[in-house]
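The letters A, B, C, D, E and F name the chains in turn, as written, and every chain counts its residues from 1.
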Amino acid sequence: MPAAAINYDEASAEVRAVFDDIKTSRNVPDVNNFWKYLARDPALLKRTWESVKEVMAPGALDPLTKEMIYLAVSVTNGCGYCIASHTAAARKAGMTDAMFGEVMAVTGMANETNRLANGYRVPIDKMFE
Amino acid sequence: MPAAAINYDEASAEVRAVFDDIKTSRNVPDVNNFWKYLARDPALLKRTWESVKEVMAPGALDPLTKEMIYLAVSVTNGCGYCIASHTAAARKAGMTDAMFGEVMAVTGMANETNRLANGYRVPIDKMFE
Amino acid sequence: MPAAAINYDEASAEVRAVFDDIKTSRNVPDVNNFWKYLARDPALLKRTWESVKEVMAPGALDPLTKEMIYLAVSVTNGCGYCIASHTAAARKAGMTDAMFGEVMAVTGMANETNRLANGYRVPIDKMFE
Amino acid sequence: MPAAAINYDEASAEVRAVFDDIKTSRNVPDVNNFWKYLARDPALLKRTWESVKEVMAPGALDPLTKEMIYLAVSVTNGCGYCIASHTAAARKAGMTDAMFGEVMAVTGMANETNRLANGYRVPIDKMFE
Amino acid sequence: MPAAAINYDEASAEVRAVFDDIKTSRNVPDVNNFWKYLARDPALLKRTWESVKEVMAPGALDPLTKEMIYLAVSVTNGCGYCIASHTAAARKAGMTDAMFGEVMAVTGMANETNRLANGYRVPIDKMFE
Amino acid sequence: MPAAAINYDEASAEVRAVFDDIKTSRNVPDVNNFWKYLARDPALLKRTWESVKEVMAPGALDPLTKEMIYLAVSVTNGCGYCIASHTAAARKAGMTDAMFGEVMAVTGMANETNRLANGYRVPIDKMFE
């Protein structure tokens, strides 16, 4: 059992404090599995949550745009858990079916043209340097 | 010389038609290297341009959001040419320094948490299925 | 049925010789699925086992360090089978919970900063060349 | 100029504080380019440095082992800057030529067998679940 | 339910036209899940099918060679669905067990030596430029 | 200088034996940089060359097909050195401009549809299992 989940009842005070902050910040009744697994390493849990919270907060980009970028990266990397959880998060933030379709289309196209640029060994244009 | 550029003067009528459409659609005096290299294969050039034109057109998502997603994928894949050209394209579409910083921060974070989810072998929550 | 397992009873003498060497070298009662599937191609099975045996033997690095590096690569690539089998192998070689947490933390961080370096297009410092 | 370096002289007090901490912690006369580029986004600079400092500190694993894992991930991802800088960092932490050779050998082998496991569609053994 | 399948009975005329063309072109009684899921976005479905049809048609390379290249890429990316479907497609196009074994061996080897070239930072030979 | 080239004159007898075999097998006056860099680790050099020689020999697939698969994987991984050297090797083995174009088109398409399958979370069809 290299990495089982830690539930709220069995969590240390340190872990509970992070879980509580996630639940409050996201207004959810329980944290999702990702956090329960990271809880095996309280320092990692705390650092990861604080970074995610800071990075995903509204700023120059709104939370929906950020979630769609997160999803596009997860799809590119083929991370099953992340695709499922960030599709849900993006939908919660307002992603419609049409938006989802366009995120997929752009992600697919970028993955294709990235390889065409590699294979044709295209040198960077002066104006892009 | 596995893949040299084809310039407008030396291009066939078929290739020129695509180059002209790119120049008009984007309002640029010349096409960038990517298209000059793909021109080696006129069918690939035409199909790729038509797909990119359709995918990147305003729809449920605006062009700036699409360019930032394109950039996030290119950064994840480490495609040097694509990072340079799509950073330029995103800036032209309105990406500010602050937006660029947030695209990078989200892309970096997603690449990190994708691996944490892999390594901790986190099972997908029922609610995400 | 593109690639089913070959068990010891049904294996050729050539395949059994490799299976026997794996069982003896690792002191295990049976080989794991990876080898049973590769056994479809006896030359691949033999070459892969001999390379793995040579590469993973104690040398300038001890077997535990090697297994943790193997795990970090497998997590980066998102190979489910490899993450499961090399987590087990690393634990057998002495990886504690704390060590596992640190392998994950370093792997996650490297995947993040790799993309920040890509996206910010950081030129290599003279002293690193 | 999408992402130029920020040098110490032109840096804000906030950025200088991070630069000073890097220089002190690592006992180096100047920070390397990675940090000068991230300095465009002071919040990202601070968060990334604090995370790297925490993650790479001696713990259950020594700094050399951590640097070699960092290098293996960077090689897998093909990040040129990261390969150069973490090869240097690992050497500074004590990586010999023989150790470097073994890190490369394990990284190469893991990348090969990850794909063999994918392609042969090997199911996870009960004992690894 | 972020992306459920659309079956023929419930499909629009636009989607049915694509499904019919796939069934005729491939001489199959029904389309496979990939197309049923893409059908959520009729424009993406149509564009993707037309591109795949054009790219995979016999040309300078025969369909079997193309399917084996498709499989090698899918194995490298670790896309479970694509590995399953393109192994089947390659077998239908004539891939024998021996050919499958050699595709895997080459794919594995390329993934290994790609990383050795990265890690040893091998400069491109003049004659390859 | 973490990984400089070793030339024939300065090579040990062990390394020269491998270099000689490469030169004879490929009928070339000198080995390319990849081998000169691996020569830092004679055991790795020997094992890698013997594996490459065995894997790339004519078998159920001809050398040209194998080189095109090698190229497709290298393009997918974005390995600059490998793209350059295997484009040259494929050309030497008979790859025409038209074949090169089709390898690129299939590689690009596979990279796109791999992500569409990931993002739409397409379940594997019964007939492909």
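Observations on the structure shown:
FYI, a contact is a pair of C-beta atoms (placed from the backbone, for glycine too) under 8 Å apart; a residue touches a chain by one contact, two chains touch by 3 or more.
Keep in mind the model is a prediction, meaning the values are calculated, not measured.
Among the remaining chains, those touching chain C as well as chain E are A, B, D, F. In this structure, the chain pairs B-F and A-B differ in their number of contacting C-beta pairs, and the larger number is found at A-B.
The angle of the rotation carrying chain B onto chain C, fitted on C-alpha atoms and rounded to the nearest 5, is 180°.
With every chain reduced to the mean of its CA atoms, the largest distance from chain A is reached by F.
Interface matching across A-F, C-D or B-F places the copy of C-E, with more than half of contact pairs shared by residue number, at B-F.
When every chain is reduced to the mean of its CA atoms, the largest separation from chain E belongs to D.
Chain centres here are Cα means. That of chain A falls 27 Å from that of chain C.
Centroid to centroid, with C-alpha atoms defining each point, chain A and chain D lie 21 Å apart.
Chain centres here are Cα means. That of chain D falls 34 Å from that of chain E. Those residues of chain C in touch with two or more other chains are numbered 2-3, 40, 44, 48, 51, 76-80, 84, 87-88, 101, 103-105, 107-109, 111-116, 118-121.
Partner chain C is touched in their complex by these residues of chain F: 43, 47, 51, 54.
Those residues of chain F whose C-beta lies close enough to touch chain B in the complex are 78, 87-88, 91, 97, 100-101, 104-105, 108. Residue ranges of chain A in contact with chain B, taken from their complex: 2-3, 32-34, 37-38, 40, 44, 48, 51-52, 55-56, 59-61, 65-66, 68-70, 72-74, 76-77, 79-82, 84-88, 96, 98-99, 101-103, 105-107, 109-125, 127-129. Chain contact summary for the complex, chain B toward chain F: residues 2-3, 40-41, 44, 48, 77-79. Contact residues of chain B toward chain C in the complex are 71, 75-76, 78, 80, 83-84, 87, 103-104, 107-109, 111-116, 118-121.
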